[in-house]
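Just below sit the structures, each encoded as structure tokens.
Two complexes, one shared chain (chain A), two partners (chain B, chain C).
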Partner chain A sequence: MSSKTVRETSANNSRAWQQLPLQYAGMAIALIVLVTVFSLRSKTFFSAATFTTIANSIPDLTIVAVGMTFVLIVGGIDLSVGSVLALASSIFAILLTDRHWPIWGAGITAVLCAGVCGWINGFVSAQYRIPAFIVTLGMLEIARGGAYLVTNSETKYIGSSIEWATEPIANLAVSPAFLFAVLVVLAGQWMLHRTVLGRMAVAIGTNAETVRMSGIRTLPTLLSIYTLCGALCGIAALIQTSRLSTADPNSGAGLELAAIAACVIGGTSLRGGSGSVINTFFGVLIVSVLQSGLAQMGASDPMKRIVTGLVIIFAVLVDSLRNNQR
Partner chain B sequence: MQNVLTTYELTKDYATRAVDTVSLEFKPGEIHALLGANGAGKSTLCKMIAGLVRATSGSMILAGRNYSPRDKKEAERYGVQIVQQELNLVPSLNVAENLFLSNLPHRWGVLKTRRLLDRARQLLRDFGLHSIDPCAHVSELGIGERQMLEIAANLSRDCRILILDEPTAALSLSETELLMQHLHDAKRKGVAILYISHRLDEVERIANRISILRDAKLVGTWPQNTLNQSEMVSFMTYGMDRPEGSSTGVPTPQQPTEVERLHSHPPQKADPLLILHRVSRRPRVQDISFEVAAGEILGIAGLVGSGRTELLRLIFGADRADQGEMEIRYSPAASVQTPRDGLLPLPQTPSQAVERGIVMISEDRKSDGLWLPQSIASNIAWSKFRGNFVELLRPFSSRPANSTAETFRRSLAIRCDNTQHVCEALSGGNQQKVVLAKWLHRDGTIFLFDEPTRGIDPASREIIYQVMRDLCQRGKGLVVVSSDLEELLKISHRIGVISNGRWMKDFQGPDFRREEIVAAMFEGYQNQGKTNVKENEVLQ
Partner chain C sequence: MTPTPPLHRKRRLSTMQLPRWATNGAMALSVLLLTIGCDSPSESTKRNAPGTGSASATGPASATGSASATGSASASGEAGAKSSQPATDKPKIALVMKSLANEFFSTMAEGAKKHQSENTAKYELVVNGIKDERDLARQSALVDEMVAAGAKAIVIAPADSKALIPALRRAKKAGVVVVNIDNKLDEDVLKQEKVSIPFVGPNNFTGAKAVGDFLASKLQAGDQVALLEGIRTSFNATQRRLGFEQAMKEAKIEIVDSQSAQWEVNQANTIAASILNEHPNLKAILAANDSMALGAMAAIKAANKTEQVQVVGFDNISAVQQAIREGKILATADQHGDQLAVFGIEVAMQMLQNPNDDVSDRETPVDLITANELAKNP
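Let's turn to the complex of A and B:
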């Protein structure tokens, strides 16, 4: 190896390290700008109470959005996340209250059921080449129906036995659920870049035909990704159930759109092949800061929705302009 | 008779010159056939006339006025219509809607369905296409019917010049008959027809004049009755320097030039590595059997559309075969070994093929060879994966991938700043090297190459040849499909010829006779009438 190549490679590695935080800088700056603006406009916004509230209200959405990021990266979509969450939460509640299962048993069963829903999504869409949009739309209805079925369409009250998970830890201000969600984000980012599964997901999303023509099987990767997304919905269901102390078969309506919005704001492409779990997390933060900031400024609910919609479009616009420039 | 269109020294340059100072005359009411081997420039010439491609230099005169169409629309305004091999019909609309798509009859935007159907029925009747229902969706029609429909649609418009590129490739015998009739009718109406076809007996039957292109240059134009089929083949192969030389008056008959060969020695007599038994996917590939030995390069020659690529895709499992088996015998020299020997069905998927040690460097690097928006290192690293569950759980480190990519960058001289470069930004030659690196990294026993050097600069070409030679020396079996006959002559130990989906002949190197190979390439398309009739009888 010539000395020149050595230098190039090392320069190259260090550049990669320098670029690493740079990828997130845009999102971080946007978040900081948002926080600053709200802090200047509203006296009550910049306070520990606000941030604690935000931190403890986002873990479920964050975890679902991580799963959604992976699904979008392989070039798919999962519209059933909200319903699967409701189903898992219903199963959890029924097992806990009516069947008197231990918490861990009921929790694991709920997560497994959600995982099976995801597996079915992946299997049907990958094996029979049916667009994920259609398959998961079907699952959206099926899982919602299942949730009504197991709960008899009633909201199940569980009580304090599970509330610890979403209550702030003393002296720390944030809940175990939030810490867990952050852990899931970091693990997701690690998985995307440092495991074969993550790399295969990017390869399939970039060009599935190249993957096939390279003699690589796509089914195992797709199954894993959809199953993972389903299982994450199950975990999010446990967190939501804990936060609300109840399991509501109506919960999670519109969650799929909130999760996709977070991914898209974070720069994940709906065409597949690129995305970042950490940026998705920033997407979740931006949306929730926006919501609570607007609320504190006295904006009405319709106004909040209009602004959120504008932000989504603006984020994608910026992304697309930047990509064209390159 | 006055010319309807005249081209003066029409030239088109891509990386190389595709059409070189071609001057042709087209007369109204005449069928002008254009012949030539692969890459002779037929299609490019047509595209220039039809406004799909702009000429680099030269000019055209249409009906006494200067003519240089900027796009297809402008050409159509002048009455120049082209029917290409890929059709321009909308499959989800019905026949009538397709025929009148550019001027649908309507009132205030509401479709006048009855008038539309009446007009379509009238037009179909005029063209003798009684079997086509104007209400049928185009997606329900066969490929031959679609072709006829498109030709009918073109002729129904104001049409002075009709360009047909391989119109009968997808047609059955009766449909071909019907087409011939319509061409005669159109001719009588004064349309000038430019007709491209490999099928020499068809050309002999319907053409008034024949022009032959070779290596982007016009060899000459002859009235139909002055050329027979073997003379046509000879002109396509040698141009004017025919070995016989008698009828053209060229004094010095030329022997086929000695090509610089890739190998100094023929391979030692080796046992076959891959044996193919009666592989078919009708109608493109019919009953093909051959074998490849360890350390051998088998070149496959054939005209575009003769089933070469389809054959490779069947061996690789990219498409499913109707029938056929393969046998893989592993030699000790081959590094990849699997326990499964003996007669096997063809692979069902590419991953199955790769497991058996068969790899394929495909024709289209952009659509299925590379992950274009990804880096060189990623492209090379990903090829090593199998995609199985067990593997998915493994951690992935980019460091070994980067160093592997770096090794290939140097050994294949991939020109880039570093291996983090995205493949999109690379030149064709460098992209092809990345594809090659991908498969060398994966490794296999049998390497299938489809058009390995198309659109690639000479330096990269040499490197690719070097890689092929190395693979041979390591005891791999290579099958190379190429439209470039010179290339096959240079690199192959043996050349097999496919014509019209059939395996015609094997030619053993190192002394190939070019004219025999070219003749074999056309063989399957000649005197087709008889064989086709027989086949139809069998089918009925």
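Let's turn to the complex of A and C:
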């Protein structure tokens, strides 16, 4: 054993230790830069009102993005999140208004239905080895159709009875939904790093064949992850319904791309095997701050989209450069 | 024993030397540059007015160095933007639109911008749209953001007649004047939420009825027609459908099919094609907007039925004007899209000046457009 090895090992150790906070530094810096730029560009941007508004408008996207992170980590993809959200939202509204169910009953049923959609995605893609892209694309249409079916293609107005969840708590400025979303993010990060399910998800995403050859069944993990993603869409649906006081069968169109963008900006690999729930949350924040800031500046519509697209590409580019360094 | 480097750590030459801070910095810098540059190219070509107070207008003003009105404005950067903005009492009016990718709404926005550039002393304007007609959650968030941005009035073309009401109620509660244009908010829900928001816009029912009547004059009783509806959740889609139906009913023309094509060209094209297959004797397709009329027109052409099947639309977009001149589309309705937002802004200004005035709904004109009309005003 040469002294060189010892030195290298200790260097590696200290490096790993240093990387712990640095893991989030890139995202945080990008976020701070964005906020600074917008604050300088628009005199009204840097205000409590702006940040409260952003905080209270992101819980649904955050929760969907957490589910998406896990699906991406196992090497899958879920294109159906927006439609499943619309379906859950529609079911919730119909049970509440037409059937006069209590809120908790309607809410639980909606989340369960969304979970079932996720389970079907997972079962069909994992059991029959069909690409998740195709299966969830099918579910995207099925759930959207279901949403139109249950609502009869009408927007269902519910009223203020459910608004408490997304209204800012007095003296705190943020809504219960935001606090819940933060809780989901923390729980997700914990699950990813500290539970068997989380580690298994990373293992499957890294090399599913190896996991299988090691004599471990991948189906239960995949089913859990897809069901979780579906159920999270259901919860996001409740939050969105509360925020709009309405269930709209058209809602959530394009949500899958927003969620995937947030994950990817946060460094989750589309090839599976790596990702961080907290960085996904940063991804959501970056997208939302960008959206809100450009809107306040009154940037023209084409520019908004071009800038958003460039930020997504740059984020992934930088992340890939960083990964090559390691 | 010599340590061998791990196999999986392939390093690329190009990125090997870059330290972490450099890549982080590169990202930060690129975001910064992008954001700073983002509004200048498009805005500066459109607006030559010197430094108005609005955040969007300071970009081009400082970039072109024409902000002489404020004297102290420096030609570079954000410091100039801040110092060149004295506290003005000009109200900021936020125009919240639907998809600006739709020509109808972009025309509306352009009309509003033109009006603002002629009235720079009176108000500031911030225009925002959503990426497609169904993105309610984003439009609702936009309303909140505009309140946070200090807008004194919000003029909105709601993507949904019901879903936007809670956000607008919050805005009103924060003391912001709200005016509804284009798509009327649902009256029952407004009552339930105990808010009153004036609607400034055309009567879509009478507009669609006029188009339907004109079409009926070219058809015979008992002929078969089909409807392409807009998104069924929106009020103007319903009104236009009812207007078409009324006209057809009065002329005793049979509606054999009525489907929603979500206001979109592509969907209208697919749906119209299948309707044409299903009903070989179809004489006309009534589309609730011009985009769908164009989609139907293409389907008719593909089915080689241009002589047999007529198309009417609604909105009078420029592509359809061309089609009307060529005789491919029979008629459309002009609700003076470029003026709609301006009407809304004028009402908002009036409400800002006289907060106690009770402003009721205001109807704006809708005109029937046919080949004759277009020949008169080339």
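As a working rule, the second predicted complex is superposed on the first by the 308 of 326 C-alpha atoms of A that agree within 3 Å, B and C clash if a C-alpha of one lies under 4 Å from a C-alpha of the other, contacts with A are read in each partner's own complex, and residues count from 1 in each chain.
Assume a contact is a pair of C-beta atoms (placed from the backbone, for glycine too) under 8 Å apart; a residue touches a chain by one contact, two chains touch by 3 or more.
Quantities reported herein were computed from a predicted structural model and do not represent experimental measurements.
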Could you say whether A:220 touches chain B, chain C, both of them, or neither, answering first, second, both or neither? first
Partner contacting more residues of chain A (chain B vs chain C): C
Which of the two partners, first being chain B and second being chain C, lies in contact with A:170: first, second, both, or neither? neither
Touching partner for A:155 - first (chain B), second (chain C), both, neither: second
Identify the partner contact of A:198: answer first if only chain B is touched, second if only chain C is, both if each is, neither if none is. first
Contact-wise, after the overlay, does A:297 reach chain B, chain C, both or neither (first, second, both, neither)? second
Residues of chain A that sit at the chain B interface in one complex and at the chain C interface in the other, please. 5, 8
Over in the complex, which chain C residues touch chain A? Could you list them? 1-3, 9, 11-12, 15-16, 18, 20, 23-24, 26-28, 30-32, 34-36, 38-39, 41-43, 54-56, 59, 78, 81-82, 85, 100-101, 106, 125-129, 131-132, 134-138, 140-142, 144-150, 160-163, 165-167, 186, 188-189, 192-193, 231-233, 260
List the residues on chain A that touch chain C in their complex, please. 1-2, 4-5, 8, 22, 25-26, 29-30, 33-34, 37-38, 40-45, 47, 49-50, 52-54, 56-57, 60, 153-155, 157, 159-160, 163, 240, 243-246, 248-254, 291-307, 310-311, 314-315, 318, 321-322, 324-326
For the complex, which residues does chain B have touching chain A? 316, 318, 349-351, 353-355, 359-360, 362, 367-374, 378, 381-383, 385-389, 391-397, 402, 406, 410, 417-418, 420, 438, 442
Residue ranges of chain A touching chain B (in the complex, touch as defined): 5, 8-9, 12, 16, 193-200, 202-203, 206-207, 209-221, 224, 273-274
